Amino acid sequence: MTRTAVDAEGAWFEPDRMAELRRQLPIPYIDVVPVRTDPDGAIRQVGLLLRASGEGRIVRAIVSGRVLVHETLRDAIGRHVEKDLGPLAMPRIPVSPVPFTVAEYFPTPGVSLFTDPRQHAISLAYIVPIHGEAAPQEDALELTWFDAAELAGSAVLGELEHGQDVIVRRALAHAGLI
Amino acid sequence: MTRTAVDAEGAWFEPDRMAELRRQLPIPYIDVVPVRTDPDGAIRQVGLLLRASGEGRIVRAIVSGRVLVHETLRDAIGRHVEKDLGPLAMPRIPVSPVPFTVAEYFPTPGVSLFTDPRQHAISLAYIVPIHGEAAPQEDALELTWFDAAELAGSAVLGELEHGQDVIVRRALAHAGLI
Amino acid sequence: MTRTAVDAEGAWFEPDRMAELRRQLPIPYIDVVPVRTDPDGAIRQVGLLLRASGEGRIVRAIVSGRVLVHETLRDAIGRHVEKDLGPLAMPRIPVSPVPFTVAEYFPTPGVSLFTDPRQHAISLAYIVPIHGEAAPQEDALELTWFDAAELAGSAVLGELEHGQDVIVRRALAHAGLI
Amino acid sequence: MTRTAVDAEGAWFEPDRMAELRRQLPIPYIDVVPVRTDPDGAIRQVGLLLRASGEGRIVRAIVSGRVLVHETLRDAIGRHVEKDLGPLAMPRIPVSPVPFTVAEYFPTPGVSLFTDPRQHAISLAYIVPIHGEAAPQEDALELTWFDAAELAGSAVLGELEHGQDVIVRRALAHAGLI
């Protein structure tokens, strides 16, 4: 979750101003697990980004970012998918605003399974099938599609930060794969 | 729900045999609310079939039918959508098997909001976006797409039988439209 | 939603400061539909508060309020239920953080079904069975339990503001009552 | 799932008759994950039964059983909880009929994550907080409450049959514990 918010916020607040807001209010977020589906709708692959973390390490990440003031959740999902996966991704945003899980990120580790050193974020998580051509954007180094049935047991999930591996596992559980 | 089950069962059981089974066990069903969506995923239209009811009246209906033995829910959804909307409908079957509602149909009116004179059916209901060209099949006279925002307040829902209007309303509520 | 947030925020920010924050970020909220259940878990009654609105009218309301920074959703639900229904309400907060619906309140009417003149709020809505003795607190004039089966068709829902009637209807639909 | 159905069915069908029905229709089931909750609603413990399996081994099990013809899901949940946990369990059956997951049991291993040598069962799964005194009934040897936070990583889940460990894990994921 480290960099995406900064990008989106750059157009709106000075970094100091945003840092101040983050100490005063929980920040609404969306998390998106990008997937490719079979013709019968079953998840076949999960897409993970490879990017430099805020601390200079190379990490895997799902699509994640802040909801802006006066922005609908639907628009926020579309904007973050386009920002991370490009304008040709053709996401199938779910018909319902009900998330499959809610991730509460706290600065202090241990309050929940999710941490974010910068802020208290409340994130609504969605599974979004990608129908078009997704390509990593901006600072992302790579987008890799992993076999959904093998992902839960692989070491790849350990390369996700801040508890995003938990979100991917919950997505697979909700979709009936694990 | 009147005719579809008969069609599907024809290949499997004599009508007398099926009638007997229906007195002994609850019958697993799926109900599908076909929708057309905007590029941002919001429901724009709901598709309703026009068909002759078992009692000879002309009624509206959603896609509905029995799950066969050894058939997955995903296959049952695909089969019934193809049977009612044709092979070019290109349904986007949801990634999760969790239904947005469960409809319990009982022969005796008043036990629940759903009735089926023939049987006790337990139906898992799904919203299924239709991406291709849907056309009424077999005994259906017509498939009409209704504006989703106007549907809940219109008289059209009164033309659905057995409580299927309740399923459509719950679909609209789940999707955030009403 | 008018007054509850002000109460909760009084301890944390000056009104001017809160008004400023509200122009800059969406504000995370929770909405709670208090219910009484039958021994078999079915909703029997829905509890609605009677209170003075911010504009001086007498309105019905559900339990609603802001999530504070560093507060879990679970704690926020418990705090707002206690604030509105008293310390003896004995709420049964759901085991899952997944809301039955998400209400997006915008200052501009028509963007969604929910409006809040003061802010853009993103509210996670929960059905909370009340097991103890609930009593209206602070500025609420009355707490009334309405028959759940009759509520959807009654004029009472018209006395709710800001689209909270939609939240109650969605709760009844999710619970299988309408 | 092996024995519970046999018990319930004994009063209704001869074993041969039930075996025949099972070859002809999918059988509607409910699965219940019994839990104990903290005052704030979070799951603290998960209850697992210890019983002899149909094949003579000692296994762990959740509450599971068939829905009878003309029986509501709510009544089926209550009946199976009482049958397995006793009349003083005081279950809090969920307000909504929407299951947290759907388990499709097939006789052939590998079709899904769930197997049942006897039948194709379609099971709606619910998390049910137990408020009273639960005690193992009939053929169950023991009821043990396991710490919810530790359960997912323990060997205990390996003692469940037919994929019921998957149901417990999905319950913990849905409730936000893993």
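Per-chain residue numbering starts at 1, and chain names A, B, C and D are given in the order in which the chains are listed.
We adopt the following convention: contacts are C-beta pairs under 8 Å (C-beta built on N, C-alpha and C of every residue); 3 or more make two chains touch, one makes a residue touch a chain.
Model, not experiment: these values are computed from the prediction.
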*Contact-richer chain pair [C-D vs B-D]*: B-D
*For the homomeric pair subunit B and subunit C, should the interface be classed as same or different, according to whether the shared residue numbers exceed half of all numbers used?*
same
*Between subunit C and subunit D, tell me the centre distance in angstrom, where each centre is the average of that chain's C-alpha atoms.*
34
*Distance from the CA centroid of subunit B to that of subunit D, rounded to the nearest Å?*
28
_Two-or-more-chain contact residues of subunit B, please, as numbers and ranges._
97-98, 100-102, 112, 174, 176
*So that we know how the chains sit together, what is the shape of their touch graph: line, ring, star, complete or other?*
complete
*Taking the complex as given, what residues does subunit C use to touch subunit B?*
101-102, 112-113, 166, 169-170, 173-174, 176, 178
*Can you name the residues of subunit C that touch subunit A in the complex?*
13, 21, 23-28, 67-73, 97-102, 104, 106-108, 111-112, 120, 122, 124
*Show which residues of subunit A lie in contact with subunit B when the two form their complex.*
35, 37, 40-43, 74-75, 77-78, 91-98, 100, 127, 129, 174-176
